[in-house]
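There are structures below to look over.
Next, two complexes with chain A in common: one pairs it with chain B, the other with chain C.
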Partner chain A sequence: MDIFGIPIQALMGQLLIGLINGSFYAILSLGLAIIFGLLNIINFSHGALYMMGAFGAWIGLTYLGINYWVALVAVPVVVGIFGMIIERTMLKHLYRLDHLYGLLLTFGLALIIEGLFRYRFGISGESYPVPELLSGGFNLGFMFLPKYRAWVIAVSLVVCFGSWYIIERTKLGSYLRAGTENPQLLQAFGINVPLMITLTYGFGVALAAFAGVLAAPVFQVNPVMGSNLIIVVFAVVVIGGMGSIMGSIVTGLGLGLVEGLTRVFYPEASAVVIFVIMGIVLLLRPAGLFGRER
Partner chain B sequence: MKGKNIGWIVLLVLGLIAPFLVYPVLVMKILCFSLFACAFNLLLGYTGLLSFGHAAFLGWAGYTCGYAMKELGLSPELGLLAGTAAAAALGFVFGSLAIRRSGIYFAMVTLALAQLMYFLALQFPFTGGEDGLQGVPRGRLFGLVDLADTMNMYYFVLAVFLGGFWVIDRAIHSPFGQVMKAIRENEPRAISLGYDVDRYKLLAFVLSAALSGLAGATKTLVFQLASLTDVHWHMSGEIVLMTLLGGMGTVFGPIVGATVVVGLQNYGAELGQWVNVLTGVIFVICVLAFRRGIVGELAALIRRSGIRM
Partner chain C sequence: MSDASTRNNPDVEMLRVSDLHAFYGESHILHGIDFSVNRGELVTLLGRNGAGRTTTLKAILGLTGRRTGSIMINGRQVIDLPTHRVAHLGVGYCPEERGIYASLSAEENLLLPPAVNSSGMSLDEIYEMFPNLQERRHSPGSRLSGGEQQMLAMARILRTGARLLLLDEITEGLAPVIVQTLGRVITSLKAKGLTIIMVEQNFRFAAPLADRHYVIEHGRIVETVTKDELDSKMQLLQKLLGV
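Right, the complex of A and B next:
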């Protein structure tokens, strides 16, 4: 069976990879949007923290015998705490300054983290086995669906929509939204805003690390996996705009699919298609698809 | 004004004697990066726009210059011109898109566009992909001066640098420069005073890109090589670091920053992987405790001690 001369097997395979990439774009841009909302900082080290998540899972398995399922919970917690330490010791001092300093500081942190991992692990990359429970796959007749990939997509959707629900529909989320609008007023109502900022940063970072653990069995675990991804995620954020949580999720998934389709029909352009879309969106809708301009 | 004249004289004297004290190729590298950093500072330090994509201008000017000289057989002055023009054109495209967003988005847009140009450099056949464009001939300047001679090359690079630096200095101290500073300090106010802010931003962006291109083309001439390193985002970060470390928004700061960083990379080559870590550490220290940069701090120190310059 062919669609536009492309075997459906190949088409579906690429769409699946696209959807997986899209899930990572969605989780990472969601984290960036949450952090930006409250801290007014674009977290350049997001990619490095994602990489730390993947390495955390690998180190846990190789040296400590921690299995995938434990890592899925433990690694984001550990990396999240690491993030909170960064926030308490460094980012905290930048809130009254121009936003650009936050970008520069986290860029420096990304270089440090990446450099340390490169020094320790080289750049060749390590592979992480798919957990036993999720190895193998389903034969859907028209394509073969590896179980692990299905799991990544499902759990990413749950995490994304779970985050959306917490932020948009719960009391805790209402504090977060209030803090995004007007932190001084929220503080006056007796909410501990500095603590909330720390926890928010920790949560955003934990999301990145969670994506890293999910990614470990799919991609090679290597120190530069994050920096290559984060630039694409920045383009995703520019396209979607950071004003809306749902916008980040939808844009991330959608662009992953578009990238997958491009890989089928015009593979040479697959690395650049998201940047080209960004250019077009900037021309037609400068504030982004879901953005409110300042 | 007097302090600035002293700065110019020191720069000129240092530039003339440096090749006798230090390995000339290293000084040429420093000069190229100084020009690049000064061009970048025009945008970050004076207009307040953080571009995270300046590597694209450096690298693509290098490719253009290298291609023009190696494959088309153009003379060095035309090669430089071609590189500069290519960077200016690219700067116009980047600038037109990026100024549609401000602040943090501006940085992300420029970074993403530069990454696009990186992938294009990787895929286009004429750039040589992973190998880069090697063995670019230096040629004869105006058909007279043989640039294969290191000293000839050095003084030509010095002349290019001083020319570029003079243009930047003039731009900063012109009415155009005053408008740029007004945009940096208070954009809504500049708009309400009737300035077409977007046009000024675009002009500053194109000027900065063109001069970055001049630096990149000159660098290709010096090393006879145009490679992916110069279009990679690491390079965009490095130029931010040089400017920040030297002192953004100061005339001479970027030169100091470029000298320190290039020197560090040169003498710290045995550090290997640690260079990246060290770069990151300097970034963090600069942002947390040293935001005025070396020249900015010195100027503040001099002001405090009451010495009149």
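Right, the complex of A and C next:
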């Protein structure tokens, strides 16, 4: 069976890859959006923290015998704590300054973290086995769906929409939204805003590390895996609109699919299609598809 | 926090501000503010724009830059406390421009500040006092009218049980009928023994409510007018306020 002359297996295969990439874009841009909303910081170290998540899983398995399922919980916690230490010791001094300072500091941090991992582990990359429970796949008739890929998509959707629900529909989320809008007044009402900022940064970082653990069995674990991805993720954030929660999720998944489709119909453009869209969106809607001017 | 027998005792000092200086970055805004308010009293801070009235309220909460001097709330020194700790001593703040969060619904705004003690009004009592808010409770904060926003900003701090209210220009830009409603609300709060400090431009609104007026000029208190002196000092007040 063909669609526009493309075999359906090839089309579905690329859509699946697009959806997988989109899942990672969505989790990472969600973390960036949450952090930018409350801290006013463009967290350029997000890619390095994602890489730390993947390496954390690999180090845990190789040196400590920690399996995938434990790593999926423990690594985001550990990396999240690392993020909170960074926030307490460095980022908190930048909130009153222009975005540029936060971007430069986190960019510097990303280079340092990557450099350290490169020095210790080289750039050849390590492979991480798919956990036994998720090896193999389903034959859907028109395509073969590896179990692990289905798992990545499902768990990403749960994490993204779970985060969206917490932020937009719960009391805890109302603090976050209020803090994003007017943190001074929120503190005057008796909320410990500095603590909330630290925990929020920790949560955003933990999301990046979680994506890293999820990615370990799919991509090669290497020190530059984050910097390769983060440029695309920043384009996703710009297209979706800085600071919009639902915007970052929908745009992340959507652009993953667009990229996958491009790879089928015009493979030469697949590496740039997101940046072309970014250019068009910036010209027509500078605040992004879901963003508000501020 | 305090039991009922001492709560309404008019001779107990609720707030004493002494030699308060406050800065925004390099600019020195308050130059030694001194005043005190007893429990259950209502005082106003009057003065021209830029005299330092709003800054005085903000400085009590720690929302300015550097501060020196002394701020005692219920006999406790608070100048070194972080802002959120001051709120938990029972201070409710209604900022200029009302501070309604646009990304929160009316009811989320109402429920946002944590209760500081158990004496706050229940949601039912709030909706009885402000029936409009119940109808509009699912509307986003940005869709409320100016009057509704002001009612919400008041209701928000009444629910927490705060006993010392700092109200900044609550009548600004509101229709006369809403100002009247606010007057009734303030009167009933005073009857309940709450201590209130109002920054107010609308002198006709404030005069019948207040026990005392402090006139601020260039970051200092230049005149104190009690309720009884109001008639005799009216000319002086008009001169100071430039009305």
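FYI, the second predicted complex is superposed on the first by the 293 of 294 C-alpha atoms of A that agree within 3 Å, B and C clash if a C-alpha of one lies under 4 Å from a C-alpha of the other, contacts with A are read in each partner's own complex, and residues count from 1 in each chain.
FYI, a residue touches a chain if its C-beta (ideal position, glycine included) is under 8 Å from a C-beta of that chain, and two chains touch if they have at least 3 such contacts.
It should be emphasised that the depicted structure is a prediction, and the values quoted were computed from it without experimental measurement.
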Checklist entry - For A:Lys171, is the partner it touches chain B (first), chain C (second), both, or none of the two (neither)? => result second
Checklist entry - After lining up the shared chain so the two structures overlap, which partner does A:Met278 touch, if you call chain B first and chain C second: first, second, both or neither? => result first
Item to check | First (chain B), second (chain C), both or neither touched by A:Gln187 | outcome: second
Next on the checklist: According to the stated criteria, A:Ile42 is in contact with first (chain B), second (chain C), both, or neither; which is it?
Outcome noted: first
Item to check | Dominant contact partner of chain A by residue count, chain C or chain B | outcome: B
Checklist entry - Of the partners chain B and chain C, which touch A:Gly108 in the superposed model: first, second, both, neither? => result first
Checklist entry - When the two structures are overlaid on chain A, which partner does A:Tyr25 contact: first (chain B), second (chain C), both, or neither? => result neither
Item to check | chain B/chain C common contact set on chain A | outcome: none
Next on the checklist: Looking at the complex, which residues from chain B come into contact with chain A?
Outcome noted: 50, 52, 97-98, 100-105, 107-109, 111-113, 115-116, 119-120, 123, 233, 237, 240, 244, 272-277, 279-284, 286-288, 291
Checklist entry - Which chain A residues qualify as touching chain B in the complex? => result 36, 42, 90, 93-94, 97, 99-101, 103-105, 107-116, 118-119, 227, 231-232, 234-235, 237-238, 268, 271-272, 274-276, 278-279, 282-283, 286-287, 294
Next on the checklist: Quick check: in the complex, which residue numbers of chain C touch chain A?
Outcome noted: 61, 63, 82-84, 86-88, 93, 95, 99, 101-104, 108, 111-114, 116, 156, 160
Item to check | Interfacial residue positions of chain A with respect to chain C in the complex | outcome: 171, 174-175, 177-178, 180-182, 184-194
